[in-house]
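For reference, the structure is listed below as structure tokens.
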């Protein structure tokens, strides 16, 4: 049994990503959408926190939201996978439930 | 010349209070309103950060918002002053400008 | 509406509450959803973590801000057979609160157990 | 409306931009306010701090999310005599960005100077 | 699979409604069913037929209405949220003595029970909000 | 002193509109002028006359309208925000071919220039938002 967690706010603005990562287990996945995509690239000050998470959890980022913020050509953090909306839908179906951290 | 800074979100939820405190000077004041009042009492894990701020800056908290959250009878952090809406208005007039950190 | 489901599917619903009350409408709207949802005879849990623990704080007095004080309604949940209320211990502690500050009896759970609880659910509603 | 103020008061306005664009409407609505406000012949500064620095990021492509791509309008600010654009160095660095990533020329200022800048203003508009 | 959607924010202010729409489209294109989109909180404002967005911008309400018409998605506005935020259909107009209606084609006002029902009858419920 | 107010959020979802109202009352009671309240972003939704909040709750729109009538406060809804969010007065109805109007008494729709003007002509501008 595993959960897909959705994060939509920048971790520089809100603590939702911290709060999510402090509670989920290694079977769970996280997808960064909307403003949360700003930590998907390597080189940010959030880098090491996210690397710790990718060590044992699956992290995804939504490509259209990366593109909208001019970040599509940056190199993603190791262990992060970019998906489009259809990939997002597939993730929803592959996990047992979806938890949006608002 | 000094600024009244308004913070309305819980620092456990959003980083606005951190971001405000990292930039303002000792002549400036901060008023905690709405959900931000939850760090006004002593004993929270935000305690020490706020104590550092009260050492050289004036911090206020809006009483009606404390009451609404059941916190009016708790002891406030040293250096924090509770004001009602008229006190809030007075602070606005006593400072040269108002900056709402949204 | 209840009849539609009397012999039907029973799912496990969890309401996750993470916000300070009154600053936004999420607290009251979560409560309204739980009360309406009670008619569907599902397995309902309410979880209070992060700033959501303030929703259960005693002595809320919304007179000065002219809001409805809905906090007493948490005590009525029992009558609607909503009896599984969970509060995360660490969230309370970080905010300088203890179980004595809460206006209803709840089950305290450690942060490590939060995911375990969510892992048993079919539907997650977050407020 | 411009005429009303041609010989009137001149105040110093600062627009403080702190949000990632597109997730909320603040970025576009700040820009619209600045462009309309330009007709009033006031002293206008725009400050980009925290996540607001992303508003000026090059190569924004909003086609897939079907949003208007207003980012090019920052280049038009000059024509409206809005020439004081400030970006906080630390905000850029924390986000793995540098001045080369920005689509307009700006003045870079250190965090310590942000308050100095705000201290010179009459009106603060925050988005 | 049946995937229902909960939308908590109104149009143009937060991306939530846009994300929900793009997600719904992708789900349908992937061969899934989207039985219902439930609009709660400020989300009910998606259903107003009184918007006139700039011509070079997306028309959020019309996009949703087309989804209802072309794909049979049930668009439900929470009645309690509607009453607090000023969304009125003919029934609400008569009941609350209002002078106008503003609910667009394809949307209907109903109770929170419709959200619970979507949770029960769908395989997944996905929330988009602030 | 002249203190104008900017409201960025709609009624009942965020406390912003309530805080702004309580602040305006206190400013007036303290002997100050409140020349204008400007409603921007989702804040324009405060001006709809189609809300029916629960009877035991505050009526946010009526409170604002009373402030306009009794204290002469100028309540201005941003026209661009109104068009994106579905707030319509008679002029907007005719211009954009809508079937209804929903702007309550005491509110008027106008441009962003009114916000700048409030900034220029008031001694302080105080923002309430999310």
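Each chain gets a letter, A, B, C, D, E and F, in the order it is written, and its residues are counted from 1.
The rule is short, and it goes like this: a contact is a pair of C-beta atoms (placed from the backbone, for glycine too) under 8 Å apart; a residue touches a chain by one contact, two chains touch by 3 or more.
The shown structure was predicted, so the numbers you read here are calculated from the model rather than taken from an experiment.
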Subject >> Any chain in contact with chain C as well as chain D >> reply: A, B, E, F
**OP:** Would you mind working out whether chain E and chain F touch using mostly the same residue numbers, over half shared, or mostly different ones?
**Re:** same
Original post:
Through what angle, between 0 and 180°, must chain A be rotated so its C-alpha atoms fit those of chain B, rounded to a multiple of 5?
Top reply: 180
**OP:** Please state whether C-F or B-F has more C-beta contact pairs across its interface.
**Re:** B-F
Subject >> Inter-centroid spacing, chain E versus chain A (mean Cα positions, whole Å) >> reply: 26
**OP:** Could you grab the centroid distance between chain B and chain D? Build each centroid from C-alpha atoms only and quote it in angstrom.
**Re:** 27
Original post:
Taking each chain's centre as the mean of its CA atoms, how far is chain A from chain F in angstrom?
Top reply: 38
Original post:
Listing for chain F: what residues touch at least two other chains?
Top reply: 12-13, 15, 22, 41, 54, 125, 127, 129-130
Original post:
Which chain C residues touch at least two other chains?
Top reply: 18, 22-26, 50, 65, 67, 122-124, 126
Original post:
If you look at chain B, which of its residues touch at least two other chains?
Top reply: 8, 12-13, 34-35, 64, 84, 97-98, 100, 102
Original post:
Quick one: which chain pairs are touching?
Top reply: A-B, A-C, A-D, A-E, B-C, B-D, B-F, C-E, C-F, D-E, D-F, E-F
Original post:
So in the complex, which bits of chain C are touching chain A?
Top reply: 16, 18, 26, 49-50, 111, 114-115, 118-124, 126-127
**OP:** Name, in rising order, each residue of chain E that touches chain C in their complex.
**Re:** 6, 40-41, 80-81, 111-113, 115-117, 119-121, 125, 127, 129
Subject >> Interface residues, chain B side, partner chain A - complex >> reply: 12-15
**OP:** Report the residues of chain A in contact with chain D in the complex, numbered from low to high.
**Re:** 8-10, 12-13, 34-35, 38, 41-45, 47, 63-65, 67-74, 84
Subject >> Residues of chain A that touch chain C when the two form their complex >> reply: 1-3, 19, 22-25, 28, 97-102
